[in-house]
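Step one of this worksheet: look at the structure below.
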């Protein structure tokens, strides 16, 4: 089965997720700075979630560029990932509206945790389709970032109820950690790429 | 006529349908568990509808991967399917907001019934274009799932007015039944695929 | 310049236009038939507009399948068309909410008129790029449907202030007239298609 | 890394941005001209922003048609651009609702300024990937429009607090200046295009 349509559909869903979050930035009635001030936490939540969804899109892009084909399990694993990602606008809006209180912050982390688990399942489904001794399995290797992130998300869920800002710090930290894209996968694509393009 | 743009447009519409449903999960004002509780039925409706739209996308993907060309009738049969699917967010929101009462549940089933009829018409249009003795017609064969589902949806519409939860049980059952993707079509694609890829 | 990205972007915008119209179908609070009744005119407007946007997508699909390349003028003529189409959800919502009163009905016709003018301009830009003696120019020929529709829309705008339902009748009539896709363009694509596919 | 998915994702996001702006045109309750009048400034803001987003889409299209490959830096530079563009619906709604008052007008300019900076960074990332002596770097040449626009946006931000309409005039002016698409890039694509298509 070809991967093109799965990529196109995922692009569509992720593009909508990343864009509807901005609808939480409700147009204020006043036209002065005071009208903008309550929007600041909403904007900050939006920025963080934009980066997270951007990271997922980037990694999804790298992962499927390394993949050569899909099967029914991969289709569903991908939909499962999209389901959790689709809850990000909701938790973003809830965190933003409640100025980063404990429960919304914890739920934010829970959705990030479940998204990371879904991504990990998708990765497993792809490796299983391509074989455990395939280039893509090799390249993912120990995958420490993929293993560390869910643990950090769960830690942040706990921290939300201690000091809420500690949880936020963890979310920012994990985002920074992922900001550096998955060079392992980029390497496979290049090695498997007979066109011999210049890589930096 | 090439099928690429029909697929891209359908991907776009289905991606939006699946994503705007989440907008019914309105951000609550409170920041405690009590504020989340009324959202539980909305989340459950969302989950069920997400799975249904996911099933339609999966089957649509399989169907058009088996198809080799489209005509004007197929374009309209496809738009007709998208019309009924586009009503799913509305009936999902109505069921969710009314904690699964009789009429919303019945209307939910009615929209599922009309969507399944539209899918069946689309399938007929594609078979008619490719010929009744084509591989795709052969592969669809008796299509018992496609014939059983509309009957079950109609049954559920009736059951909504008897015991509402019976109708819900039918919806969950049909979703589970379809969860297993259409292996028949997957088989054609493979047989017609000279690339000789490994299939599991 | 390649036409692929223009098609993809237009597909995206049209998919969103066709889908956000359904957001006007606001989920009612009650769970009985009485709660649904005020939604009937909204649903009818939605259905009509869905068909219109579907017609535009179909014709756009046929037009660009016949086109072989695009230029800067075509990009802007296409954006101009998308601008007027993007106002369809607004006029649809206004007509639906006001149970087909005179002014909303007239504005609906005005937007349809301006969309049809924009489509005509786009067609001119494409013919101008491909040459007046090209196959595509030949095939469009007298284009009586493209010339008749704007006149009928303007008539309907006038009729809105006499008997509102007469304008609605015209809108339904024009939709039916366009329902039959543009066989002229389909023919060019086939003639220009060396693959010798079976055409019906 | 292939550029196709970056283009598809950007098309999706830009298509949504351009379309959700129309949601600010809220359906009025009345059915007379008086009900429409307050929507006029909203419509004008929408038109201006539609043109701006259209310009960004056009230039993005030209830029990536000239590019042959992407890297991780380009992916993030592109997401960065999409972030600022995604704020355009918000500032458009705020300007429209407040009938072009000083602060909303200034913020509108600020978002345009930051978008133009993000576009410039994206351009730099692409040139850096393709080499400073590549055709694409040559073709962009002095890029006076790209250098002038941010300065004009900043001027408009200042002018907002003097005479608000002066800032609006600058926004309209810059839009007109960009309306003429980037012929430099169009030229590279043609020169690099061995198909020898007729160019006008």
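Per-chain numbering from 1; labels A, B, C and D assigned in written order.
The rule is short, and it goes like this: a residue touches a chain if its C-beta (ideal position, glycine included) is under 8 Å from a C-beta of that chain, and two chains touch if they have at least 3 such contacts.
Being a predicted model, the structure only gives us computed values, none of them experimental.
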- Compare the two sides of the subunit C and subunit D interface and say whether they are made mostly of the same residue numbers, over half shared, or of different ones. different
- Item | Cα superposition of subunit A on its sequence copy subunit B - rotation in ° rounded to nearest 5 | 90
- Note on the structure: So, in whole Å, the Cα centroid of subunit B is separated from that of subunit C by 26
- subunit A and subunit C, separation of their C-alpha mean positions in angstrom: 37
- Message: Residues of subunit D that contact two or more other chains, please.
- Response: 8, 12, 15-16, 20, 23
- Interface residues, subunit A side, partner subunit D - complex: 7-8, 11-12, 14-16, 18-20, 22-23, 25, 27-33, 36, 47, 50, 54, 57-58, 61, 65, 179, 181, 183, 186, 189, 197, 200
- Note on the structure: Listed in rising order, subunit B residues that touch subunit C in their complex are 1-2, 5-6, 8-9, 12-13, 15-17, 20, 23-24, 69, 71-72, 75-76, 79, 82-83, 86-87, 89-90, 93-94, 97-98, 101-104, 107, 129
